[in-house]
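Take a look at these structures.
Shared chain: subunit A. Partners: subunit B in the first complex, subunit C in the second.
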Partner chain A sequence: MKKTVLLFLVFVNFAYGYSYDDLLLRAQASIFPKILLLDKKIGDKLIDGRVIYTIVYEKNDYDTALEINKFIDANYNGHFNGYTYKINLVEFSDLSSATRASVIYSLNSDRYIEKVADFAKDKGIVAFSYDIKNLKAGLLFSLVLEKSTVLYMNKENLYIQKIDFVDSLLRMVKFIDKENS
Partner chain B sequence: MSIKNGVINSLSTKIVTSIGVVSVLITLVIFSVSEKITKDAFSGVELEKADLIARTIEPLIAINIYLDMPENIAQLAQQLMENRYILSVKVLDDKNKIVNEVESGEYQKDIEDSFVVEKILNQPNSAKQIGKLVLVYSNKRYVELVDKYTNMTILLLLALAVLFILYGLYIKKMLAPLGQIAKLLKHYSPDKEVDIPFLSQNNEIGLISNALNSMQQKILQYSKKQKNINHYLEEKVNEKTLELREQLYIDTLTELPNRFSLLNDIFKSREGALLVINIDDFKEINDFFGHVAGDNILKKFSNRLKSMFKNNEHIRLKRLSGDEFALLFMQKPPLEDFIKSAEKLINDVEKMIFIYKKNEISIRITIGGAYQIERALEKADIALKSAKRERKSFLLYDEKLNIEELYKDNMEWVRKLKKAIEQDMIVPYFQPIFDNKSEEIASYECLIRLVESNGNVVSPYLFLTIAKKSRVYSELTRIMIEKSCQHFENIDCDFSVNLSVDDILNDEIVNEIKQKIKKYSVENKIIFEILESEGIENYEEVSLFISEMKKLGCRIAIDDFGSGYSNFEHLLKLDIDYIKIDGTLIKNLDKDANAQVVVETIVDFANRLNILTVAEFVHNEAVLKRVKELKVNRSQGFFLGIPEANTDIHMLRHADSKIILK
Partner chain C sequence: MNCNVSYSSKFRVILPLLMCLTTLSAQSDNLIESISGEMEHFNKVATATKQNEHYQPYIISVFQGYALEKLGVSNLKEALLLVPGVDMATDNFNNQTPTFRGSNSVAYGQSKLFIDGISVNNLFFDAYSEYLSFPIEMIKRIEVVRGPGNKIDGFNAYAGSINVITYAEDFKGFESNDKLVFKYGSYDYKMGGFFKTYKTDNLKIFVDFFYQEDDKKLYAGPDGLSQGALSLLPVIDNRALSQTGDAPLWLKEYSLGASIEYKDFSLKARMLEHTKGSAYGINLALPQESDRVKLPSYYLDLGYAKEIGDFEVNINAGIKYDAFDSYSKLAPDGLNLGVIFQDGIYGEHFAAQQTLYQSSYLKYSGIDRHVITAGYRFTKEETIDMTSKLSNRATGDVELVDYTDTLPFFDKNAERNIYIFSLQDEFQFSDDISFIYGFNYEQTSYKDAGLEPRVSMVYQMDSENIFKTMYSRSHRNASWQEMFTMYNSARVGSTDLEPETVDAFEFAYIKKFSADTYLQTNLFYLLNKDQIYNSSIDPEYRNVVDTDIYGFELEYRGNLSSDDELYLNYSYVKGKSYTQDEGRSESTPNVAHHLAKGYYVYNLGSNLSLSGVVKYVGSKDRVFGDTREKVKAYSAIDSSLCYRDPKQNYSATLSIKNIFNTDITYPSAPNTYIEDYAQEGRTFLITLKKSFR
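After this line comes the complex of A and B, so read on.
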């Protein structure tokens, strides 16, 4: 029975994708670009003079990714506080070392989160996660709406040399690691 | 300690008070400055705290504004408000719109003295301003600190005050020995040795005590020496005083008691008599033999007098002045004995011969005696002068002579004369002298008169003799010369002025006469009348004067000729122009045959020498007639004309009388 339920859930996932909190998505779409700019080394991460905001998703979450794209464009209108940006929608399966990204935002995935984490580490870029749980897999930031908006950060990735956030950001985030959540 | 107006000002009190005042002032200044600094520091610390809080929280607030997380800002604000000193937190966005504002319950109460910190919020990792943080920090802590500081200060001041009191007591105790030493020395006397305390102290007090002790020893020694010296000096002073006293009463030349001694003895005596002895013409001995000889004779004379009276203990011999001695009879002898003593002394002295350098010198004396002890010296002196004047060798003072009154009268006349000179009351009166042949006025004699303020004319017989004895006489001569010459300056008539021998001997008068004669051009009108009796003794000087005046053109008359011992030999030598025959010969000429013989002889003698004769005192017609018969050239007298203040009157009267005679 248990197997049946599990299989059902997997099937549903495959068939219909993950369910996302729209409010959370909007909050993340609104805040993450701002956090990106809190990196003192943002200049090193520009590609062709632009910020490439890469959103990785499962095939079924394309619409969600697109929604996010639209929301960011609507909010930022092509510029992150002076920097022109380009949103790059990439499926998890397509993510490779060739993928261009100044920052990466990962939607949910059962299989590729670690791949995203590795990608980010390799590139030395900030990796945002929709789901806080993914931080344990190696992603850097996530945001949760509790009584107030709470930013979470993976403590283990704090020392990535290519990323240098302003101190105040580090003082306001909540740190998590593999052992603690 | 010093004492002023009875108040003792302690040195230790002064020291402590001055240090206390200075210290209080310094402390006040230090505390005022330190309070200001401390308060500023406390304020700065509190402000710094508020600023630190604001700076600490500012990035978080900024990032929350940036990330648009107002609930986080509110949370942060609430966290801040947990600090009891934070009164309010206000966050504003870039449009000054309040994002969050929290205030404590004490906000309104303490807002005025609170610290307000404002921070501009910039976008993280950018310079873009995104808001503002206003933090109001309570001054409660500051007030607490200031109160604590004030309490500490008061405690410190109290501690200092206690310290000063203790210090003052210590200084007082330290300087107390000085007071004790001063008290001990207050009644110090060089005669009495005192035990000076604190000699063993090894400090400044000990030094002072030792120094005082040493000084005391020296003073004692000095005092002993001084006493010996004083004793010696007192003895010397007494000796010298005795010596000086003796000198005061002893004449150094003759070693006889002097005038002071005489006065002293007279003052002490109740009865007695006095003889004052004067050596006649002693000046001549001095002039001829010299003062050494004079002193020698005085010594010898005094020695002889001493030996004469040495056996009579009641007679004291004194020397009064140069040539004056006195014999004071301490017991009044009978008057006859007293007079005999004087006469015997005169005779004895006349027999004395003094030898000086082989010269035999004899002297004569004149004695004045007083037979009363009261004012004996003055009386004997008066008697002596009277004796001299009367050319007697001895005269006893006689109350009946009223000599004192005469002296007073003389002094009164001298005073009157001085006043008359000052007030120009001395004037010449003019008496005409007629030529017996032509019966015309030949000349005028200028006679002195004193016209008193009431117009009374005083005759010269009352004052001229007295004036001659005083210094005013020369002044009278000056006035008479001046006024007479001035009167006859413009009158074509001869006039005569009387001159005494004293005037002729006075160079100043002679010079002035010459000046006045020239000034008024009366050389050929003036005739000087010189008294025959006075001129004899000073023949040479008179002769010189006559010679000088004759050279000027003046003429000379011998006045009162025949009154004295007329010396025809002298007259022959003097180049005179007139002889005025004395009035005593003329006034009885009509009756006295002897007078007629004398006048005839004088006229004959004068005619032979071409000297004109003038008869004075022609007081009636019989005398005038006789004068003319004896061929006297000129006549003068009350019968012919009395002295008048103006010559015009005579001229008018004479004109009238001539008409009547004719």
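After this line comes the complex of A and C, so read on.
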């Protein structure tokens, strides 16, 4: 029995990583585009007059990224409240300064989250995260299904010179910072 | 004039700006309103589907059907064996029952099973073994609450409750695909089934159906005659007639379920025809291969649900039917009971029960931070038919004689009414702290449970740390078998039985490492009073056992890499039972102090996965006076290879269960079968599924 307990603890110590909750993916795919539109400076982020909604993923998560793409298309049918949009699926390893993005949504990765955060900061765009833990690495928003549905924001990552959200959004989010979740 | 021009000019500039700002503000307001609405919708779905289980005021484990299918889990029983603190027990009927945290394995009703919200425990045993073979492919989700847990709609879960949700469940944006499934496995197991949904704007019809059978038989014996069953020692000794051989454990069953929703009205119905081999014999004599027990279960529930402003009303009424229907050879050729039964004794026992119920619940959310729920549930339970036939007791002739009126095995006039009133307040004290408190008050036409309170608190310290603490009192009413069994030397019913009660103290801490990775720790202390007990020395059921149980559970879910899934749990339980009229204490018998389970799935690609399931069940002490060695501990490993074709929407799974052919036994009661009841060794299963969008 001692061996079993030891094995359990060893597994827990080694255990890290990620998987995806279908309901949470859908909730985020449904709500994040609307949050984007609450940026008063959204007009500055249009590329060729369109919102480029970039989803970054690890190679093995391509199917998940594609499902999100389909879900957004089924929900929004080509327009985010008057703005036409295009969804851009990009592997983490292919993300570079040349990548076109009005907004970026990051699936999980144990290597590239800081790269995504730097990319968003350089471009001055909103960075959404599937997992709340990535806000500590520099991403801006995440949505969590707690007792109620909670929108988390790391205000340290809000580059107000390029992103300016309406006050009513800031009143409904729960703030976290890098030290304290 | 200039002034006028100036005003006019300014007005022409300011007005569009104001209009623009007003429009922007209106658009923002609309967006915020839309976001709030969506957040509320997803919150409702998450709460209904227990996706936000960590924030709910009870200790719950949730397993998704599709994830279990990937592991090669075949049915509800196999799924429950993955739950922390849950073990399995059986008896001479092969009336298998899950035990929760060391609960009494022969007090079947200590846990409750719900199918789509309908309680399906049968009235005869208060058990649900007929549903343990329910195929996993028909199950969308299994929610297992350990402890008295969630007291809603007037149900009392004593040690635990299992909520099985079929694919009839439907939320906007989360519709289920139709499905067709076939399975083939060891013991010539064959299964075929499907489910289908038809939907229009106001109407939804869902139907599921499955058929399955096998020819399982497992070696057993020597049977109970070797221990003196069916003997009147020292006067009459039938021990030499004891047999050893294969116990018939075959299965043949089909089920048709339907769910209809029209606007605010709903109908849920199921017909389960469950027939199985007579296992180890009603009278502990090894039965013939064709001997059988039927445990049919039917239900029909009509519902009305409506939200009106701050009020939500739920009204339900329904009928349930279940039966115990046995035809079997009860004793071997040449049995001597004063009369010699040259061709043995045959018996036909049939008892059909009906349950009628009506409940009304009103939820009010008009007070800031409070959601108050109040309502009642009325249940009328009765035996509607009973026959008792045996070979001729006077002459020993094998032909069946109707003893329904002269020597009934059961009280054919058995009936009981139960009235439950419930009141509960869900109080959101702050963003981080919520309370639920309330009570059930129950009266029956026999002994009353009375007032049973419950209070719980959930404290979310931050997004990574959640604490829960709970106190609740609950009870189990005596089962039909414990109250109304007659003319049986091993079991004597009593209508004077008080309900068993439990006071449960629970504490949980959840550490969330990420959105989908967590470690949960639960501590529990259970004070059980007036537990119902009988023995071979005094076969009358009576409230004489008090049991204190304590322990803890650890549960981890996460990944080792982006290509895998890992789930592990460990539970420890210890307890002491005190039998009042015998004045003795003992460590809780038939309880494994250590249970560890887990699975690991490695995705070899986006379409192929390899998985392993591991279960460890510790040794178990025997009941007082049973001198046999402890029930042996065992570890079993299953493995499955699963292929999924997303384009054609089909999947194929090959599973090998108990790879190392480990001996797995469930304890037999003392003075019955001297060997414990052996379970399956190594088996295989092939599953083919096709989904239709």
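Assume the second predicted complex is superposed on the first by the 161 of 181 C-alpha atoms of A that agree within 3 Å, B and C clash if a C-alpha of one lies under 4 Å from a C-alpha of the other, contacts with A are read in each partner's own complex, and residues count from 1 in each chain.
Going forward, a residue touches a chain if its C-beta (ideal position, glycine included) is under 8 Å from a C-beta of that chain, and two chains touch if they have at least 3 such contacts.
Nothing here was measured: the structure is a model prediction, and the numbers come from that model.
Superposition of the two complexes onto subunit A shows a clash between subunit B and subunit C. In the superposed pair of complexes, A:L89 makes contact with neither subunit B nor subunit C. In the superposed model, A:L158 makes contact with neither subunit B nor subunit C. In the overlay built on the shared chain, the residue A:V166 is in contact with subunit B and with subunit C. Applying the stated contact rule after C-alpha superposition, one finds that A:S148 touches each of subunit B and subunit C. Within the superposed three-chain model, A:L37 lies in touch with subunit B and with subunit C [touch as defined at top]. Legend: residue contacts after superposition of the two complexes on their common chain; A:I132 is shown touching subunit C, with no touch to subunit B. The partner that reaches more residues of subunit A, of the two candidates subunit B and subunit C, is C. Using the contact criterion defined above for the overlaid structures, shared-chain residue A:N81 touches subunit B and also reaches subunit C.
After superposition on chain A, the stretch of subunit B whose C-alpha atoms clash with subunit C is 60-68, while the remaining options among 60-68, 204-212 or 366-374 stay clear.
Within subunit A, the residues touching subunit B in one complex and subunit C in the other are 30-31, 34-35, 37-38, 40, 81, 147-149, 151, 166, 168-169, 172.
Residues 1, 4-5, 8, 11-12, 14-21, 23-24, 26-27, 30-31, 34-35, 37-38, 40, 58, 60-63, 81, 108-110, 130-133, 142, 144-152, 166, 168-169, 172, 174, 176, 180-181 of subunit A are the ones that touch subunit C when the two sit in their complex.
Across the interface of their complex, subunit A is touched by residues 59-60, 62-64, 66-69, 71-72, 75, 123-126 of subunit B. Those residues of subunit A that touch subunit B in the complex are listed here as 30-31, 34-35, 37-40, 42, 81, 147-149, 151, 166-169, 171-172.
If you check the complex, the residues on subunit C that touch subunit A are 24, 27-29, 31-32, 34-36, 38-40, 42-43, 45-46, 49, 51-52, 54-56, 173-174, 431, 434, 458, 460, 462-464, 513-517, 519, 554, 556, 558-566, 568, 570, 594, 596, 603, 606, 616, 618, 646.
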